[in-house]
Amino acid sequence: AEKTLTIGVADALTGGAAVYGLPQANSVEMAADEINAAGGIAVGDDTYMLDVIVYDDKANPTEATNAVRKLIDRDGVRYILGFCCSGATGAVASFIEYEDAVMLVGNAAERSITTQGISNLVRTRPPADYTGAAAGAFVAKQGHKRIAVLGALETSFYASYVEAFEEEFKKSGGEVIAHEVFASKDRDMSPQLTKIREMQPDALLVVGYVEPAAFAYRQATELGMDVPRYGFTSGSEEQFLRVASSEQMEGVWDLRPTELTLQSTTDAGLAYHANYSERFGDAPSPSSPYAYDQAWALKHAIEAAGSVEDTEAVAAALRELEVFPEAVMQYLPVEGKMFDQNGQAYTANGAFQWQEGHWVFVEELPSDQEAYSRFLSTVN
Amino acid sequence: MQSDILEVVGLCKSFGGVQALRDLSFSIREGEVLGLIGPNGSGKSTTVNLLSGSLPPTGGQIRLGGHRVEALSQWDRVAMGLTRTYQTASVFPEFTVRQHVMLGCEAHRKVSPLAQAFRLKRDKSEEDRVQQKVAQALKLTGLEAEADTVVGVLSAAQQRFLMIATALASNPRVILLDEPAAGMISHERETLSGMIRRIRDTGISVLVIEHHMALIMEVCDRIVVLNFGASIAQGTPAQIRENPAVIDAYLGEAA
Amino acid sequence: MTEILQQIINGIAIGGVYVLIALGLTIVFGILGIAHFAHGSVSMFGGYLTFFLVAQQGYPLILAILVALVVGMVLGVLIELLAYRPVRNANHINAFIVALGLTMMVEGINLQFFGAEQVVIPTDAGRVFSIGGVTLPELRLYVILAAAALILAMTIFVEKTKTGQAIRAVAENRDAAILMGINVQMIPLIVFAISTALGVAAGVMVGSLFAIAPGVGEGLVVKGFAVLILGGLGSIPGAVVGGIVLGVTEALAAGFISSAYKDVIAFVVMIAVLLLRPQGLMGRA
Amino acid sequence: MLEIRGLRTGYGAIEVVHGIDLDVNEGECVALIGANGAGKSSTLKTICGLLPARDGQIRFDGHDITNRKGHAIVQAGITMCPEGRQVFPGMSVMQNLRLGAYARKGADIEEMLDMFPILRERAGQAAGTLSGGEQEMLAIARALMSRPRLCIFDEPSLGLAPKIVAEVAQTIARIKAMGMTILLVEQNSLMALRLADRAYLFEAGEIVLEGTGTELQTHPEVVKAYLGH
Amino acid sequence: MPRKQIFLLIALAAFIALPQLISVKYYLHLSILALIWVIMAQGQNLIQGYTGYVSIVQAGFMGIGAYSTALMGSHFGLPVTLTIILAPLVTAVFALATGYPSLRVKGHCFAIVTLAFNMVIFIVLLNFTALTNGEAGITGIPKPGYGRGAWIDFHDRQVYYYFVLIVAVAMTALAALIVRSRIGQILLAIRQNEDLVASVGVASWKYKLFAFVVSAMFAGLAGALYAHYQSFINPEIFSVAQSLDAILAVIIGGSGTLTGPVIGAFIVVFLPEYLRFADSFRLILYGLILVLATIFMPRGIVGLARDIASRLGAR
């Protein structure tokens, strides 16, 4: 018989983090419609059509707790998706273990979310230090010795990226000569850049959300700095071009997971981009597929578990899941599975460079997801 | 002859460039009413502000019962027996008259409010003393009938009497009245002058600032006249009335 | 030396924006005693609107700014009439709560109309001037000049025109102003129109120099209030001095002490000034 | 010229003026005397539109001006020199005077400076730093700047030194001599009654006596309560 | 005042019965948060409603209470019950240090200086990552008691509800004790006419500082209860926006009354939740409700209720 399965999304729809949260919420709704159009979720004799409830958590931990409590206690939802931001996610993660529910985390990259061994939680986005180590090795290979870091270092996943970066970078005799900070709402980085300019580094590494990072690149050129610029921002071309001209961006590197960019993606990615753009009248943010993939992963896991009620079985099935064809991100399986035993998925890391107005995929960054997964199990 | 309860020696005060008081000296004796008069802006209110501790002096000494007080805070001076009223009626409008006057007793309470709040200590004799003090202050100022009235609805004159009652509740030795009769009509002024004399009769020294000459001449034992922040004359009402410098600066020909 | 000079230049541009925000706040505060917390969000509305007209409707920048100014002024007038006027006689805390409510509403409206993505108003000022190692982007120069011109215009308006004098009179003594024959019902409307216009100008500057995004307005208004306190509540010269001091302090703090704690340092400077001069740098005792 | 009929006014829940009738004829000087809080200032404020009337009518030159906006009343030709002077403290003497002429075109500041020479000396000084007497002069001059047809004074002698009180009284006498219509409220009842052609006695929000200045000066009740001492 | 006492008893009975009446646990969760906010609001009311100083740093103090209880537990291994008691004391130390400079200014200046302090606290919590773990926050903060399955298990939300209820009632009683004492009279006097307070011989700064510190301790305690309830804290929770909520609770409920903050706290927690249906219009609607409520109920719900009661009584 045809039944309805209600799933919930808790994500930032308002406030500063809505840039990440809104596209994620949109992409879950889109995935749900696609799953329904493709015949829903088959469990035994029943097929379940998905129904999505979306609540705003403003990226605030209390709001997120309230939203998820409402989803679970009042709306009777068992599957909760979304989660773009670490603080709100951490708050929910701290109690989800004791609930009859499954939590799928998207863009929130704080490492500790998947180090606590929460069995009913999985995450599609890899932690930042997984990428940072690869980036450190890459920059060292370019021959730089003194590098200045400017970034959102109060945010721990950016800090952990830099930490892993620095560790790899030092291995080949390099040195990080400055750790300058900007806050997520800062748009004027010229004081920090002026200070860095005086130190005459070989290169600059900008680590942070796209919005401020784009300003860092632009203001660096305005201050007459012409050292190579590397970064970890995951911004789309549109996002950068809103802030800086293509000339100002020319030559900038982005060292990050191979998230959605038209050059790097698969057919599934191209289709996603087209469908999303058509439906919402706006290009999807590069990180939004983390949420899209959650919905499909959930579908496959429920079908594998053969139950919608038994959340433990579904959670277990998620950890047994292989990478499925609808996935937009390019996941690197661990022991053949999409999620490792911590519930963590990994994507490939890539080096992208801004060339004449576009992000160009230059090469894959050497990433060892199996080794990192083992390391992750030892944390905490 | 009585001794000086409050002595002012070489008091100076300047506001930025304005020299409001220059080298002012005078004293108040125990149990006397001293008038302080002078043209507008001559520094009378400033003197009261310095004496009461509302403003710090730029120089000079203030001695209360022989102790230097110019470095003390206003509340410490009140506790030592120096209290004041304001030129413009200034009250707590939401309290009842009784609550208002009772607040004046804070200055001489022994039980700390914290101890009282948490019922750590109770002193029946203090409670009685406070009640007595409040009753006495209300009686002196003729506000007994209004004890439970909300201050905000009192008439302007009654609010001025209330300021005096509250000051009296603090057990003062000297009380400074800044234009207490401003805006009063004659029978209210009569009430006031009677009040001032009765206060003096309880042994409290009074400093009165007024522009109403009849009142000043009637209640004061001595008068100090200020002009441009300095004393230009001191003496009995009769002496002041005839003083040509005072007539020229302040009283004018009409008076 | 170039470093210090560069930092000071960095600070002046942002300081200019602070000054404009603070001016808008200070005249409203001076006349109505309202801490107009929604000012930042209203400024951002103006910036968004300019962006929308330029980037999506193809208006030339100057025309777009003019339209945004007019719309902003109307919005300011409506805010005064519909939200602040009804609470004029209540406690000032109530006006503050109304301001908070308005902030939420305007932020919500901005989000509905203009989305969550950060927005940068496109300009073609891309040159960078460089003198002896100190660089000054063309756009920053324009912002500094425009801010200076607006400050001057505002000062002349208040000091020299009849309406300006009427505004001051209402600020100093409302009842006496009525007795002069000043229409005191009109003055708040004029004040809000001017305040919002200054705010919109600041919003356009932020939007072209930096970016407009959810939450930026609230951050700005807090800085604006800090400037007010630093310079002296209700004082126009105070807002100017305070704004520049705050901007330069932030730049120097970020450049020479700690970029993470630059706001903390700026606030500490503000509190220190307050301890030494409770009336602010330019305030009357 | 000014006719008040059955006027009631108050603050919040409290009514302080309970239906008064009062007339001021062209060229006349009328005084209101009475105790503190009797409602004199409230009456004046109501005439000037600072306080809404609850009942009754105020007519000026035959036109109903009850509850008109304050600025409209000024334009109609009524000015008040308020209790406590109320100068604009941060503005200069000149700026204060100019604001006096806000409601009309042009301004004859020179005339005023001739009339009050002390103000010429202080022209650039902030009004808040003037002495009390100087502030009173400024307030009077500022009120006259609007060329009113009816000029209202609320306790011009309040808080002033005796010498200055005499000066203020002379000034008002001068203005009266110029033919200005005057409504005067004074605690200094003797001064008021000497200046006034007619006077009203207020008690607790009601008019209890009415007569010429000289009549009231000798009225036993008035002498007892207001002229004693 | 027997009528008042009857009302109090009914209210208390309703609070005790509440968990039995709610079938959906989500409302129980919100009620716990609301009770924590009652403590916040009672503190805010002391400084804002009674003393007349609008403090915008209460959420910052809540954060200090929350972080201190969590960190004392994890760093020194102190038992939870002890750290909950110590948290307000730690907060008091910070309040003394910030209160001294802030209380030198009045009115709007005070509000903005305290707001700056809230931002300072926020920035430090965010950037002092070695101690606070920055934005990622502190997870796994333990509950009081003897762990899961013990005879009183604080993981059970009902148990935690009664725990918080007891504390909230006690703190409300404490607030009542203070405001009804001579201290309360002096605070009220400061609100009405601060300059005059010194001239009746009272050192007003001591009382202002007292009110400020006590209100901070209320906030610190609320923060500690919050931390152990949610098991997770990060700086976001203690930002200026939450301080503004505390002010709202007091104003909407009725400032300078003891019932007002209780009502206000429940409104501040429940209203945004009820507005979830409005989706992305939630912010606009919430703002609109605030504006309208302030315009039409300037003295809060308690003020409105009193007006209505006195009008009915007059008939």
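As written, the chains take the letters A, B, C, D and E, and residue 1 is the first residue of each chain.
Following the convention adopted for this analysis, contacts are C-beta pairs under 8 Å (C-beta built on N, C-alpha and C of every residue); 3 or more make two chains touch, one makes a residue touch a chain.
To keep track of the chains, here are their UniProt names: B, D = ABC transporter ATP-binding protein; C, E = Branched-chain amino acid ABC transporter permease.
Just so we're clear, the structure is a prediction, and the values are computed from it rather than from any experiment.
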| item | value |
| --- | --- |
| Length of the shortest touching-chain route, chain A through to chain E | 1 |
| Starting at chain D, fewest touch steps before arriving at chain E | 2 |
| Most widely separated chain from chain D, with each centre as the mean of CA atoms | A |
| Taking each chain's C-alpha mean as its centre, the one farthest from chain B | A |
| Separation of mean Cα positions, chain B and chain A [Å, integer] | 73 |
| Chain centre separation (chain A, chain C; CA means) in Å | 36 |
| Rounded Å distance, chain A centre to chain D centre (Cα mean) | 75 |
| Chain C and chain E, separation of their C-alpha mean positions in angstrom | 32 |
| Sequence positions of chain E contacting 2 or more other chains | 123, 127, 280, 282-283 |
| For chain A, residues that touch 2 or more chains besides their own | 14, 154, 181, 183 |
| Multi-partner residues of chain D (at least 2 other chains) | none |
| Interchain contacts (touch definition) - all pairs | A-C, A-E, B-D, B-E, C-D, C-E |
| Complex contact set, residues of chain A against chain E | 13-14, 54-56, 59-63, 65-67, 69-70, 72-74, 86-88, 90-91, 93-95, 98, 110, 112, 116, 154-157, 159, 181, 183 |
| Residue ranges of chain E in contact with chain B within the complex | 177-178, 181-186, 188-189, 192-193, 195-196, 198-203 |
| Residues of chain A defined as touching chain C within the complex | 14-16, 18-19, 22, 153-154, 180-183, 185, 187-188, 190-192, 194-195, 198, 211, 215, 221-224, 239, 242-243, 245, 282 |
| Complex interface listing, chain E residues touching chain A | 24-27, 29-30, 33, 123, 126-127, 129, 133-137, 139-141, 155, 230-237, 272-273, 276, 279-280, 282-283 |
| In the complex with chain D, residue positions of chain C that touch it | 162, 165-166, 168-169, 172-173, 175-185, 284 |
